[in-house]
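A, B, C and D label the chains in the order they appear, each numbered from 1.
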Amino acid sequence: MKETLIKNVGKNVKPRKPVLVVGLPGIGLVGKLAVEHMVKELKAERIAELYSPHFPHQVIMRKKGTLRMLRNRFYYWKNPKKGESDIIFLVGDVQALTSEAQHEVCGKILDYFIKMRGKRIYTLGGYGVGKMVESPKVFGSATSKELVREMSKKGILFGKANGSIIGAAGLLLGLGHLRGMEGLCIMGETHGGYVDAKCAQSVLKVLSSVVGIKVDLAKLEQRAKESERFMKKMEKEAGKQKELQGMPESGLSYIR
Amino acid sequence: MKETLIKNVGKNVKPRKPVLVVGLPGIGLVGKLAVEHMVKELKAERIAELYSPHFPHQVIMRKKGTLRMLRNRFYYWKNPKKGESDIIFLVGDVQALTSEAQHEVCGKILDYFIKMRGKRIYTLGGYGVGKMVESPKVFGSATSKELVREMSKKGILFGKANGSIIGAAGLLLGLGHLRGMEGLCIMGETHGGYVDAKCAQSVLKVLSSVVGIKVDLAKLEQRAKESERFMKKMEKEAGKQKELQGMPESGLSYIR
Amino acid sequence: MKETLIKNVGKNVKPRKPVLVVGLPGIGLVGKLAVEHMVKELKAERIAELYSPHFPHQVIMRKKGTLRMLRNRFYYWKNPKKGESDIIFLVGDVQALTSEAQHEVCGKILDYFIKMRGKRIYTLGGYGVGKMVESPKVFGSATSKELVREMSKKGILFGKANGSIIGAAGLLLGLGHLRGMEGLCIMGETHGGYVDAKCAQSVLKVLSSVVGIKVDLAKLEQRAKESERFMKKMEKEAGKQKELQGMPESGLSYIR
Amino acid sequence: MKETLIKNVGKNVKPRKPVLVVGLPGIGLVGKLAVEHMVKELKAERIAELYSPHFPHQVIMRKKGTLRMLRNRFYYWKNPKKGESDIIFLVGDVQALTSEAQHEVCGKILDYFIKMRGKRIYTLGGYGVGKMVESPKVFGSATSKELVREMSKKGILFGKANGSIIGAAGLLLGLGHLRGMEGLCIMGETHGGYVDAKCAQSVLKVLSSVVGIKVDLAKLEQRAKESERFMKKMEKEAGKQKELQGMPESGLSYIR
């Protein structure tokens, strides 16, 4: 595998005017928690899996003795309201780590979405402030002034977040814009040092308003804990194996 | 050489229903020791060599004054039992170090095995626990529930190992599965900080049962010591030369 | 996006005997400040934008709530003097970080300039001396002895700067020379540890003399402060987000 | 420039049965000093220059105010003895730094040499021992037993050096052997922490014997000093500029 691969699974779908909603791992796991919760509550349908040579070269052992590759997944939700946009969700274990890799993976995601005639992308994430936040604000940054105007009514603060958006949450919008799409990043204020279910709740409420879909938030906190446990286990194992690697640079280490 | 190269050596072979058994350097050298021992005991025949631009850019000086590149090697063992699977073994000095490189090398290995109409892969390795182990358990992780069921009878513990499998032992199975193959990783519990011949013995017994071949274990410990000596020498030299490199980042260091 | 992309914006232009003047971020921001100032004073016209997978994978949030990708920009200035060279300016947020990336980006810039039948390149930058400089000298280094001779009359000191020129300011000239162009790097003596508007003024005066265009320097210092503020904010944010990333190497960090 | 480029300069040559003699920067600068000395003493003719995107992205400022790219160079020496081998020399500023880059550059060098119907390669280098050496031994490692036998008569010790040969001195031989060439690495025992002209003298004597050409050693020490000065200046500058770079990882550092 030399390039990122998106593999269709399940049945073929023909989304109407789809929007892409992205929640990949990032600061405070905010985007991932929020979007995964919505996927589950809406019982969205799995339609594709994304594998990449730019993801870490490891497979995950599952409880029942099987293993699987690291991946991102696309889900499809058919909007029951006539004329309204269907939704494509993108969630996953991991993002690529280097610039070149992020550009390659995001390019493939955009190819996939463009084939569906998608025009609009929402990415979710955390905005790290390095301190505890009582009631998290939700910031936004968009690809056009028109979208800023449109979204300012949804409880999103524009022009208040500083600096840059690192990773797919920003790059998908920037690259998408170059290819004629519009996009919005929805960021919840968060400490940054831990998994933040409360912040995920805040951005999820805003997302609900943006896409016009209500979701029950009852199970969000529980799911956040599961996610945290999964990610922590992964990290701990990765750390342990790394430590056991000994001399990673020698290329001849027998402890890998 | 811009891509990994697999070069046939020796005579052409036509394996019947081959399984691939992989023992590359990794935690405690467990997989490498076990598979190399089986290759020697079975007097398996060398059929191909693998060279890669992703392996370290160094050549090994041998005792008699000759040098050779770092490589992996394929061996072929013809199963004398009628109707049973022949075995292709893969062993070697080294694994690739980055994700992209691992994906490229594993892809070439799978191409090679698929050309032989191979369908099943066994990879062997160590499962580092960071402490001494009296009698090493043997864990397994497989690409399907059916294989888990089949292999549970062979003394392999499923669902007991946590986290992820890093490197070719995992990635060959994950990528192979994407291409229609089934696979099993057999991991022996080991400290992780040293070469573990006893653990190699444990996984070798399990492998024997899995492939239905008995091998004499008498020489395993001696071979483990040779392997350890070889790897240590390599590492020591690599370390020494690295140290002498001085400023590796300047690109103008005259100590390389 | 797998390769650097140069996208035309605005109207098509047909520069006469164009020279390329390059001011990308570098030591003391000297080149960037000087060239951006000239672009603004001359009201040069934006003609193209450069995006690269080798630039950091982040987008910049602007004050009004919109976002944009990191980029370089080309500007065009039509020389009102008959028979004189038009000027193409190149300025931007960032340079590529690795050798391979710099070669790719510089190659694309040269392709673009060669299509315009460009023959001569001036790059501007700082020459770090690690101490405060009262009245900064301006050093030069050129691709041919003829150019050294020609430029020695312009107040540029040749043969006084030592060592090497790192980044696009040097590589564009070296690669351009291989493709038949001539070039000159104009470097102002600067501390190196801070943004140096005074040094930018010195190199700008020399550039004015070299291209035969006078520019008002009144607003340079104020613009330098804005540039410094922008770059500092970017860095601070990048640093903060980096810090929040936690374990960047695990590939499974949930803090990205 | 996406690939390493070898550019012919000077007149076309048709070497007879050429051998390639390689002295690139490495431990103690031994190989570079020895081969550059021979090139100068023999007044070998420059025939080609090698540029690579894998070399550091910097240009060198020369004393007279001109600049040049980092490069390697090929020289040709016509053997006056009838029927004897002509020699192609390869010397240069720098080697590539990563495995993939070394494989690409060495591949291009071999392509170039194969076009000349070259069959044999000698590489020269230092063998670092980490301590002062009174009278440096000269070790060898070759691609075949036949060559070991042939060269044992020339005062080269085989089977005495341990470990691996890092960089082009080893890789050119390994990759060359895969493509049907034979090769020998001649290594002089050296401390490793400084430029070692005495060691260069020892390997040069051996090389003289190997290729059957006498060279005057009088100027070697003086040239070694010049080389050392050049490399040190480069390194110092590179270090200084690096230091001034500030935050090299942020990608937005304005101090480059």
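General observations
The criterion applied here is as follows: a contact is a pair of C-beta atoms (placed from the backbone, for glycine too) under 8 Å apart; a residue touches a chain by one contact, two chains touch by 3 or more.
Quick caveat, the model's predicted, so the values are computed rather than measured.
Both copies, chain B and chain D, contribute mostly unmatched positions to the interface they share, with under half of the numbers common to the two.
Using mean Cα coordinates as chain centres, the one most removed from chain B is C. Here the CA centre of chain B is 50 Å from the CA centre of chain C. Between the Cα centres of chain A and chain B there is a gap of 35 Å. Multi-chain contact residues, meaning those touching two or more other chains, occur in chain C at positions 55-56, 58, 99, 234, 238, 251. Remark: chain A residues 25-29, 32, 55-56, 58, 70, 93-95, 97-100, 102-104, 107, 128, 130, 140-145, 148, 152, 158-159, 161-168, 170-171, 173-175, 177-178, 185, 192-193, 195, 228, 231, 234-235, 238-239, 242 touch chain C in the complex. Every residue of chain B that touches chain D in the complex is listed here, in rising order: 1-2, 5, 7, 51, 53-69, 101, 233-234, 236-238, 240-241, 243-244, 246-256.
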